[in-house]
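Two complexes are shown next, each including subunit A; its partner changes from subunit B in the first to subunit C in the second.
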Partner chain A sequence: MDIRSQIAMVFHLDKCIGCHTCSIACKNIWTDRKGAEYMWWNNVETKPGTGYPSKWEDQGIYKGGWEKNKDGNINLKGAGKRRGLTNIFYNPNLPVIDDYYEPFTYKYLDLIESPEKDDQPTARPVSLITGKPIDIKMGPNWDDDLSGTPDYARNDPNFKNISPEEKEVMFQLEKMAFFYLPRICNHCLNPACVASCPSGAIYKRGEDGVVLINQEVCRAWRMCVTACPYKKSYYNWHTGKSEKCILCYPRMEAGLAPACMHSCVGRIRYLGVLLYDASKIEETAKADEKDLIQKQLDIILNPFDENVIREAKKNGVADSTIHAAQNSPIYRFVKEWKLALPLHPEFRTLPMLFYVPPLLPVMATVKKTDNAEQQDKMHPIAKKWEDNWLYDTSTKELWGTLDQIRFPLKYIANLFSAGDEELIKEKWKKLMAVRIHRRKVTVGDISDEKVTETLRDANMTAEEADAIYALTSLPKFEERFVIPAAHREQAIEMMDFTGDTKGGTGFGIKKPVVRGI
Partner chain B sequence: MKIRVTPTNCIHSFLKINKFFVSVFLTVLLNSFLFSTSLFAQSGEAAFKETCIACHTIGKGKLIGPDLANIQERKPVDWFIKFVKSSQTVIKNGDKYADSLFKAYNQIPMPDHANLSDETIKGIYAYITEHSNSSATTATATTTEPLVGNSDRGKLLFVGKIRFTNNGASCNSCHNVDVKGFISGGALAKDLTHAVTRLSEDGVAGIISGLPFPQMKETYNSHPVTPQEIADLTAFLATVNEQDPDVRTSSISNYLLGGGIGGIIILLGLYSFFWIKRKKQPVNDSVFDRQIQSY
Partner chain C sequence: MNYLDNFILIVLPYVALATFLIGSIYRYTSRKFQVSSLSSQFLEGKKLFMGSVPFHWGIVFIFLGHLIAFTIPKGVLAWNSQPVRLMVLEITAFIFGISMLVGLINLFIRRYTTPRLKYVTNKMDFAIYILLILQTFAGLWIAYNFRWGSSWFSTLLTPYLYSIFKFQPDITAVALLPWTVKLHIMGAYLIIGILPFSRLIHMLVLPLNYIWRPYQQVMWNWDKDKVRSSKSPWSVHRPKNT
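Let's turn to the complex of A and B:
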């Protein structure tokens, strides 16, 4: 056993309102610079949709992630030693700026400084790269809320194994549904970007597993841009270095939540520590596709287990980190309640960002009803609707609705479970059971038998349902973000003898002053 | 013990060091002054051997320039001084005789010798006058027994495959010859393919030994070419000169351009074959194509 700690995340998609506040918080802090204008370390996508960069999930185009070969080992799909070396001066699968979007701003000053003329002044769009006026082709969330569906949502790479009829049904006006998918770097356990870097500039931090690019070592080969299947490593054309989400480590070391999580309006984001067995990473990444998720969950260890605690301490994991792991909301969502799943586990990077699959778009059904009775009750001058269908969100016929949902199960399964529909069904049952249980508690219009039946069906107890409800709907800031102390002092002591500087410095300068002539 | 560095003792030590440097500097200056004055005072003979002998003889026939024997019968010393200092100026001023000389000797301009004093040139004039009478005792380099040049060795010396004895730069650094099996040489100085026709073999040898041109003087003064090497190079240039003109046109340098273009086409073909599956356009290209373009 080689127990290490990893900062992991859960995004609760049922709570995401798609406001992009997280993206803006991140942009303002980290990527509002020359060369980084097009980067969105955090972005929010509408699903179905092609995302940012367009069709990033289609590894036939971008060749990201790992691939299992015939002898059972895994290789990088588009990078690695042989491919990386032969393509080192010409990386053939890179996304271009038009796959992201050409960043732009408007000449706002023209609106106020324009001299008086016959027509109103307009603010023309100008490229942030060339500074010249451009036609805006696209933006980072161009397909937001299903806009441009024929071009974007219908070309979503997750429609594989979905029949054309099923797909057609999804885009009928009455049945149309979507949800939001906020994405940041997954800080994977088996990061393809780290494996692909010819310069060895990318590394996974030992103390908390944050994946970082050393800006002084990066040589702009851009193999990480190809290798990352989530396209979360970006090349800065101004500095000539690649950059990626740093999980706001300077904030975390100070005990603050990352900016995207701190600012989250829907409070969908959870962050905490997991203890895992690093010696099993290779074995896990090599697993068969159907076992991938189970194996990934298996290497996450129980932080209450005496044996695990002893081994973790032996490996230098601090007591405060173990304590944080015991209080981790991630451990509860992922391991205890088994509610969250990694995004695209089939890329085999073992992502450490888990998603609670969204129930909302599948909850409601559309049925034919006779509205005549309701119409009669209305005031004579009220507008009467001729429609005779009902958008039904009632939870009475739960397990019936799961089979008649507006979203094909397969679509969600392609996103979160490498196509395993049963796994998604299991999560949805749990999420519904919590709702039914809480409805009984707060409204009381559901019978005890019904609730007991659903809880049994979802394989959970009433206490568990209450705990899920509490952490989903009522969590305090400290419950959402359980950030262990950074222990920078111990880390520094591993490298330097601090006694050397004790009494020597106080008012700091980083570089020695050059004196004399 | 550590010496404390303060502004005052700093200046002190600086001055001390300076005294030493000043004395060395003065000695060097004095020596160079003495040396240069001895140049002014050098005899006509020495000056002639240093400056003129590469291209001119006294009573031994013409080399690159005319035979200077009996110059006193042709032109006075004043004209001689002007011509030596800058022959082209004299020609440009409309001197018919100077112009005819220039045309008679393949229009090779005589290098200017503005650094020679009037006295020195007068000394040279006197030396020529004196030796014109006893033409048998001229002091030229060719009085020694003639060396037999090896053309093949000359070629290797020319392209630098054999190093010169005194480590001089190979000829092709600056000169080109159009000959088979030779990738073009430098373009800084004259093409030497027809040097022998223009200058005669003796003239070529004279130039290499006498170094009348400033750039060659700079290059070979401290790395003189030995007489045997001069003979080899002259023999090589003579062979080049007599070569069949048809052979010349098939030299390697003519293949370079064609080979380069062909190579690029082959490489591009290979690239497009090996990277046939590369991502060729943005994934939304068809969408962008439909959009209205205003720029």
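Let's turn to the complex of A and C:
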């Protein structure tokens, strides 16, 4: 056993309201610079949708991630030693800026400085690359909320194995459903970006598993952009260096939650430590596609196991980190309750960001109803709605709705479980069981037998349902973010030895101050 | 002509080599962030193919050819002792030279006709383009007009270059060469001299280490096996992972 600790995350998609506060928090801190304007280390996509960059999930285009070859080994799909070095002069699979969008701003000054004319002055959009006026063809979140057109959604790469009829049903206006998918770097256990970097500039930190790009070693060979199947490594066209999400490590080392997590309005995000067995990474990444998720869960170890604790200590994992691992909300969601799944496990990078699959947009149906009675109760001057439909989330038949969902199950399965529909069903049953159990507790209009049957069906106890409810709906800040405390006093030491830093030039610059320079 | 010959063939190489060495070491140690190939594929990814690929593969083989004639001149002469082999070598080299020139011209056109690229191009890039185009053109001109270059490089230029490296410059033979050849030699020194101050620095950081390093890289700030062991107590010198 080679036990390491990893900072992992859970995003509870049922709670995401798609407000993009996380994206803005990240942008304001890290990527509001020349050459980085187009980068969104954190972005929120509408699913179904093409995402950012456009169709990033289609590895037929971008050739990201690992693929298993005939003799059972895994290779990088579009990079690696042979492909990476022979394509170093021209990378045939590199996304270009138009696949993301050309960053722009508006000439606001024209509004103020315009001379008096017959017409109102306008602020024309100008490119942030050339500074010239442009016609905006795409921007951040261009397909947000389907953007009023299903064209983006129809081109979602996750519609493989879904029949055209099923697809069409999804886009009928009354049945249309979508959900939000916030994405940051997954800080994978088997990162394709690290493996693809010819200069060796990208590395995974041993202490917390954060994947970083050393800006002084990066030489713009741009293989990481291709290799990352999530397209979370970005090329800065101005500095000629690649950049990616750093999981706000300067904040985390100081005991603060990463900016995107801290600012999350829907409180969908959880962050904590997982202990895992690093000696099994290779074996896990090579597993058959159907076993991938199970194997990935298997290398995550029980932080209460005495044997695990002993081995972890032997491997230099701090006591405070082990303590954090025992309180980790991630361990509970992923291992104990088995509610969360990795995004696109079939890319074989073993991502450490888990998602609780969304239930609400999937479970509700739209029903015809007569609203006349309700309308009559309203004040005479109140606006009367002419529609007569109801967004119905009632669950009279316990599992009936699961089969009548508005999303093909396959679609969710293609996103979170490499196509395994049973796995998704299992999670949804659990999420439903928690709701039904809580309905009994708070409202009491469901019989005990029904609740017992539901819980048994979902393979959980009432205590577990209460615990899930508590951590989903009522968690305090410290329960959502369990950041190992040990990093605080080591924060400066992570950069350099404190003795050397005293009298230094400040954060990030290790050289002592020399007068005149 | 003597002063000019002395300048081009004796002064310039030492100045160029000195600036190359000092400049490269300074830039690599003190301005590491600025060492990058500064790829512009991200802003323009279509026309680049017909420029970058022929140019780079061309220059890789042309550079290796010059290097081989410099390091093992006897080997080159022995190879050239049969006319067929000489022809094969010369024609191959010429094709790579053409490929380099075509690539360079494509790159030049691409860079100055794509609006976006104007904002990632500086004056030094222009200087490099001109220098490289002239240098490649001169090289092809020489290869075509003064045959057979691979042989007389090995007998004339290799001893001269050795004399430069031995700090006993001997230019008697080289001074008699036509002015186009001298121009080509001068171009080479200029390229070496400005290399550390331009984007050409990226050829010094060719990632050959990638061939033998393992794919995954994990770094610890501390030596993880020792940092919490009771044998290495908390002290000023903690077991650092270097």
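Please note the rule applied: the second predicted complex is superposed on the first by the 456 of 517 C-alpha atoms of A that agree within 3 Å, B and C clash if a C-alpha of one lies under 4 Å from a C-alpha of the other, contacts with A are read in each partner's own complex, and residues count from 1 in each chain.
Simple rule for what comes next: a contact is a pair of C-beta atoms (placed from the backbone, for glycine too) under 8 Å apart; a residue touches a chain by one contact, two chains touch by 3 or more.
Values in this document were obtained by computation on a predicted structure and should not be read as measured data.
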For this session: Superpose on subunit A as described above, then tell me if subunit B and subunit C fit or clash.
Result: clash
Exercise. After lining up the shared chain so the two structures overlap, which partner does A:Thr130 touch, if you call subunit B first and subunit C second: first, second, both or neither?
Worked result: second
Exercise. In the superposed model, does subunit B or subunit C contact more residues of subunit A?
Worked result: C
For this session: Would you sort A:Met138 into first (subunit B), second (subunit C), both or neither based on which partner it touches?
Result: first
Exercise. Taking the superposition as given, does A:Asn43 touch the first partner, subunit B, the second, subunit C, both, or neither?
Worked result: neither
Exercise. Counting only touches as set out at the top, which of subunit B and subunit C does A:Lys55 meet: first, second, both, neither?
Worked result: first
For this session: Based on the superposed arrangement, let me know which partner A:Asp151 touches: subunit B (first), subunit C (second), both, or neither?
Result: first
Exercise. Which partner does A:Asn190 reach: the first (subunit B), the second (subunit C), both, or neither?
Worked result: second
Exercise. Touching A:Val96 in the superposition: subunit B (first), subunit C (second), both, neither?
Worked result: both
Exercise. Does the superposition put A:Thr349 against subunit B (first), subunit C (second), both, or neither?
Worked result: neither
For this session: Run through 167-175, 203-211, 221-229 or 239-247 for subunit B and report the one that clashes with subunit C in the overlay.
Result: 167-175
Problem set entry | Footprint overlap on subunit A, where subunit B in one structure and subunit C in the other make contact | 90, 92, 94, 96, 132
Problem set entry | In the complex, subunit A residues that touch subunit C | 4, 80-81, 84-85, 88-92, 94, 96-97, 129-132, 190-191, 194-195, 197-200, 202-207, 215-222, 225, 235, 237-241, 278, 281, 313, 315-316, 318, 490, 493-494, 497, 499
For this session: Could you please specify the touching residues of subunit C with respect to subunit A in the complex?
Result: 32-33, 35-45, 48-49, 52-53, 55-57, 115-116, 118-120, 202, 205, 207, 209-211, 213, 215-228, 236, 240-241
Seminar exercise, completed: Contacts from subunit B onto subunit A in the complex sit at residues 275, 277-279, 282-285, 287-288, 291-295
For this session: State the interface residues of subunit A toward subunit B in the complex, per the touch definition above.
Result: 50, 53-55, 58, 61-62, 90, 92-96, 98-99, 132-135, 137-138, 148, 151
